[in-house]
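This is the structure I have questions about; it appears just below.
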Amino acid sequence: MLPIGHYLFLGLALFIIGVIGVVTRRNVIVILMSIELILNAVNINLVAFSRLYGDVAGQVFALFIIADAAAEAAVGLGIIIAFFRNRETVLEDEMDLLKW
Amino acid sequence: MADEPKEKQPSPVPAGDKPASSPAAIPPPKPAAAAPTGVTPPRPAVPVPPKPPVQLQTPLNNELVGRIRAKFGPVLVEAIEDRKQAILTVECGKLAEVAQYLRDEEKFDLLSDLTAVDWPKREKRLDVVLNLYSFAKNERLRVKARAADGEQVPSVAGVWPTANWLEREAFDMFGIVFTGHPNLTRILLPDEWQGYPLRKDYDIIEQDTSWVKDNLGIESGQ
Amino acid sequence: MLDQVIFYFFAAIAVISAILTVTRRNVVHSAIFLITALLATAGIFLQLRAEFLFIVQIILYVGGIMVLFVFVIMLVNLDVAVRQLRFARQKWVALLISLALAAQVGLMLWSTGKMPGQGVPVLAAVPADKLPLNSEAVAKSLFETYLLPFEIASVLLLVAMIGAVVMAKKRT
Amino acid sequence: MQAVTQATLEFVKQYWAPLVCGLVIVGVLPLIVGYVVLVERKIMADMQARLGPMRVGPHGLLQPIADAVKLLIKEDIIPEDADKLVFWLAPVLSVAAALLAIAGLAIGPAFQIAKDVNIGILFVVGVSAMGIFGIVLGGWASNSHYSLIGALRSSAQLVSYETAAGMALVCGLLFAGSLNITSIVQAQYDQGVWFGLLAPVAFFTYLVASIAETNRAPFDLPEAESELVAGYMTEFSGFRWSLYFLAEYTNMIVVASVATTLFLGGWLRPFPRTTWLSFIDFFPPLLMVGIGVYCLMRTPKQPVRVQQTFMLAVAGLCFAVALVLVAPMLVPAVKPLHDGILGAFWFIFKVSLYIYFFMWLRFTLPRYRFDQLMRLGWHFLIPLSIINVLLIGIAMIVGTYFHLQGWSLLLTTSPASIIALIIALFILATEQKSEPQKSSAAPDSYA
Amino acid sequence: MAMDTTTDSRDKQQTLLGADELVLNMGPQHPSTHGVLRVKLKLDGERVIGSECMIGYLHRGVEKIAEHRTYQQFAPYVDRMDYVAAVSNGLGYCEAIEKLLMVEAPPRAKVIRTILTELQRIASHLLWLGTHALDIGALTPLFYCFREREEILKIFEKYCGARLTTHAFRIGGLQYDAYDTLEKDVERFCKAFEPRIKDYEDLLTQNRIWLGRTKGVGILTAADAIALGATGPVLRASGVKWDIRKAMPYAAYDQYKFEIPVGSTGDTYDRYMVRMEEMRQSRLICLQAIENIPTGPILAKVGKVLKPPPGEVYHAIEAPKGELGYYVISDGTVQPYRVRIRPPSFVNLQAFDKMARGHLVADVVAIIGTLDIVLGEVDR
């Protein structure tokens, strides 16, 4: 493997791109996808350290994160579908039901 | 069941909610082709040439006609028999009522066909023709209504739903307007079609020529 | 040397795809680029000799979650969304926040000397041939050390499944 | 630049054999697929009392090439409102996933591209599952209702049946104790019995699920011609269409290979440990000789000289193959190649049988309806496969307790399979009882 | 003419659709609309919540043409309506004109007509079976059906030289006498046909998928069927035992024993079973008929120029698809004043909307198939 910094830097880049996506995009689906990016960035770090120390615990945690991402995607997309049925929009700044 | 005499009813299963009617005591108009009465294979080589009687259309006066006349009176304009097929002519405006009566009381529950005929020389030029069939009696009946051009004919689609498309076709081809029809639009021809093709004064060649001229910009070869 | 080429190849794909993911107007295109980013990440996992995670990433993330995404994108009416404004109004603020975040983390990395090209000797990884067989090791760790978290994760998935079903079900 | 060339050289030096194999796959597989299609058409024709392709080449044997040429020179049509990028990408994605999956397979102990991959069978399954993006995105990009419905059907179907297929695979992996393809086959050799016999229910589940996954009849709803024209492929033509076609048949080969590896003993001959049955080793050359003799007998009956020559050539080819197959048994010099050559034969033979079964089903059965397909998947196959995994697991534990090995494992696994079958039949019975009577409570208007 | 512009204005009638609703336009170019039927389906997901059949793409104005031809000249035209059952069409037309003329075909002609018509019924049902099974996804029955149909068409070809649009009969009887080996050919076909029907039934009747696809699909109750004017196998599958061959016998049907198969629920499966049984019965009729073909003339004396006395007649026969009626009006000239054809397919197709509602898209295909429509007859 390469020095650990490479992986950390890659993780950082993906993380920040994900954060930018989450805060700037209006489409909720894209926001969810950006969250997936963030989770991936974390996974890269975990796996890199796992490799560094030769301990698979990091990979196990990455597995948990993937499971969590699956759960999040399922619920999130379920919400989106339910919302789209009612309001015919997938834009987060139009999701202002509480404002009424 | 198999080779019963032809006049015997084929005991139709009572259709849905319509019970088999009590045997109506009318001698049914002899249906269908007058087939030979038995199998007589070696027949004289020369069949009897038909001798057409002078008057084929004879007045019909059976019990059915009597009952209708009693119920509707002058609405029944004419009742004749042509080649052993019963034909009733009713007043156009009362067509739906007569149809309802024929279906419910006289058990003519199948509308075989609904069409129209154009008689341009007549005052009321259009005939609406209904061919009815009764499962219970195994008999056919033809009901006609005369309508002038543009006169509104009550729709029988409420009586027999099958009239829906058949009336649309009659409208498409003859321009007969059926009132009370759920969706009276052209069915076979394009919506923007001009004229009513099955009318006698509709010249198909003229129509073709003009269409070709308008749409293709050439002289029609017709 | 080969390691480096592979890493930079996948890293470049991952970063470019990630950028395209958050900037594309068309959601389906976003999804495609996200898939590419995830696949590139899987490649990096492979380069890190995490084979099991590599295939889990492909089967679960790409084959499962992303199919779900694409499915939902096709269910919701896309034509409307395409014509909408891409970014929310707070984009400058957001940009600022993320830049601050980047600076913070970068500074931290810098200060601990783990930035690439610092010349500081870094911790050497365990040699590749000394690693245990990957999937066996993961399984052992998962079902012995982390059995409880594993069960909790499965309950989480169950809850999520039920939640998703309830959420997406048509109210009649 | 220097570094990159160096890396490339290093890479090539290390991996030249897989690279060559990969190139060969990409080059040859389309041809193989073409001939699989031809064989399918011939089998179909035979089942349907007709001849099939007869015009191009003797007995239509050049038909695949003619088809390929036709497809390549056809006009490439992209619909006006299609998403050009995705439309371009989708078929490539589909075919790339299918070809990549081939890399993980082992055709005999000697022929494997990605050797000794720790995650072997998972790699094949996971990568081939990615082909679904090609279908979904292609259907979406076409911007047509038929395509979209086909794509959605396809993705739903694939996701549903992958679960059942995965569970069935788990059963086989329980016996094998490894994901590595070589180890799986080795495990079957050690046990002396194919896993398909130990876990017949799992094999059946995988069989059904694999048909559904490859979108073959009777589960070919995504491309159901009579309903959706051609499903997700409706708008594709020419080269792109042929890519989809290539992907579909490659996937067929992939699932057949996975099933063969896991359930049918891979490259092992039947009864691999029974020494007195080793005369089975002579079956392959005898089969080839038989085909060769048949071709020779047919030769004089061919009407055209070219066809006669061709039949002779085919017969010669068969004899040559037979020679190759028999050589390791007779010539001591090539003895080491014995397993490789015969193994490859058995593997290909089993895969062919599996694919033949696919075709047989296709020409016999009508097509499922979508709700029936989903009900079959979720209400029948998935419960069945989960129960089967449980029962097989229990059987394994019991078997270990009594130190059962090989055929004697059947003592514990067959009750498990029988219980699973009974439960399955029970599910089916209740299913039929509770099948909702079509309540067409639709508004009763004739308009 | 002007067919290309048929659809535009109708499209404007589209109603406002909800989020889950979708309008799917099936046809006129679609593999399983059996020609140029166009069906507009309103879908909720894949469930049909409304449908509209758009027909007329094959309209040729047959009824108008009839008014400009003599009685004999028009006879070949009727073959082009239900082009897979041309013999039946011809029989109905010839008998209607005979009725109008008040002549009767000689017994030999009647028996030969019966044989050919029943063969045609088998051929038509075979074509239906093949395409219907193909629609539901079974590829193979199609080829088997065509193999048998080919035998029938060969008999037609031997008889009159044509296979599809046969124009086999003439007004007043037959143009050609039966060729020498007609009986033998028919017998050979009938003998071979029995096991073949069993083959089809083996492939389909007990097949779980086939049952799943046809049972409970497209149910038409007896009351609905009568109200919608459905006739033929569609009506009989709903449980109404009515067949014009029995009710009002024509040709030589009164001489032969046969059963009228009926269904009970009126679903697609019942229609399938009814048609299969009808093929068997037709085979029996053919076997009975070739036993004893009377000798004698084949053409009644009708003269070269037909001038039926003024008047009108409605004559219906049991075509393979249902009641095929001809309503002919004569004004005493050589040309009919009006010929109205009552097409069974047209009327049966009207039941489509009723049958399709609440079902899935895949069932729509099955329902179109089970109605056994021929667009040439629907549109005329």
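Here the chain labels run A, B, C, D and E in written order, and each chain numbers its own residues starting at 1.
Following the convention adopted for this analysis, contacts are C-beta pairs under 8 Å (C-beta built on N, C-alpha and C of every residue); 3 or more make two chains touch, one makes a residue touch a chain.
Note that this is a predicted model, so its numbers are computed, not measured.
Engineer: Steps needed, at minimum, to get from chain A to chain D via touching chains?
Structural biologist: 2
Engineer: Once you count every C-beta pair in contact for both, which comes out on top, B-E or C-D?
Structural biologist: B-E
Engineer: Round to the nearest whole Å and give the separation of the Cα centres of chain C and chain D.
Structural biologist: About 31 Å separates the centre of chain C from that of chain D.
Engineer: Could you state the distance in Å from the CA-based centre of chain D to that of chain E?
Structural biologist: Chain centroid spacing, chain D to chain E, equals 44 Å.
Engineer: Taking each chain's centre as the mean of its CA atoms, how far is chain A from chain C in angstrom?
Structural biologist: 7
Engineer: I'd like to verify one number: the distance from the centre of chain B to the centre of chain C, where each centre is the average of its C-alpha atoms, in whole angstrom.
Structural biologist: 74
Engineer: Send over the residues of chain B in touch with two or more other chains.
Structural biologist: 161, 164 - these are the residues of chain B that touch more than one other chain.
Engineer: Going by the contact rule already set, what residues in chain C reach two or more other chains?
Structural biologist: As it turns out, chain C has residues touching two or more other chains at 4, 52, 64, 75, 77, 134.
Engineer: Among the residues of chain D, pick out those that touch two or more other chains and give their numbers.
Structural biologist: In chain D, the residues touching two or more other chains are 446-447.
Engineer: Across the complex, what residues on chain D touch chain E?
Structural biologist: 44, 47-50, 145-146, 149, 217-218, 220-221, 224-229, 362-372, 437-444, 446-447
Engineer: Under the stated contact criterion, what part of chain B meets chain E in this complex?
Structural biologist: 1-4, 6, 9-13, 15-18, 31-36, 39-43, 45-47, 49-50, 52, 56-57, 82-83, 85, 87, 109-113, 115, 117-118, 129, 131, 135, 138, 140, 142, 160-162, 164-166, 169, 173, 185-193, 197-198, 200, 202, 204, 208, 211, 215
Engineer: Quick one: in the complex, what on chain C touches chain A?
Structural biologist: It is residues 3-4, 7, 11, 14-15, 18-19, 21-22, 27, 30-31, 34, 37-38, 41, 44-45, 47-50, 52-53, 56-57, 60-61, 64-65, 68-69, 72-73, 75-77, 80-81, 84-91, 93-95, 97-98, 101-102, 105-106, 109, 114-116, 118, 122-123, 125-126, 130-132, 134, 137-138, 140-142, 145-146, 149-150, 153-154, 156-157, 159-161, 163-168, 170 of chain C that touch chain A.
Engineer: Can you check the complex and tell me which residues of chain E touch chain B?
Structural biologist: Answer in residue numbers: 1-3, 5-6, 9-10, 55-56, 59, 61, 63-64, 67, 95, 98-104, 106-107, 110, 221-231, 239-244, 246-250, 252, 254-260, 262, 292, 294-297, 300-301, 309-316, 323, 325, 327, 329, 337-338, 340, 342, 346-347, 349-350, 379-380.
Engineer: For chain E, which residues count as touching chain D in their complex?
Structural biologist: 22, 24-25, 30-32, 46, 49, 133-140, 142-144, 147, 203-204, 207, 209-210, 212-213, 216-217, 219, 228, 350, 353-354, 357-365
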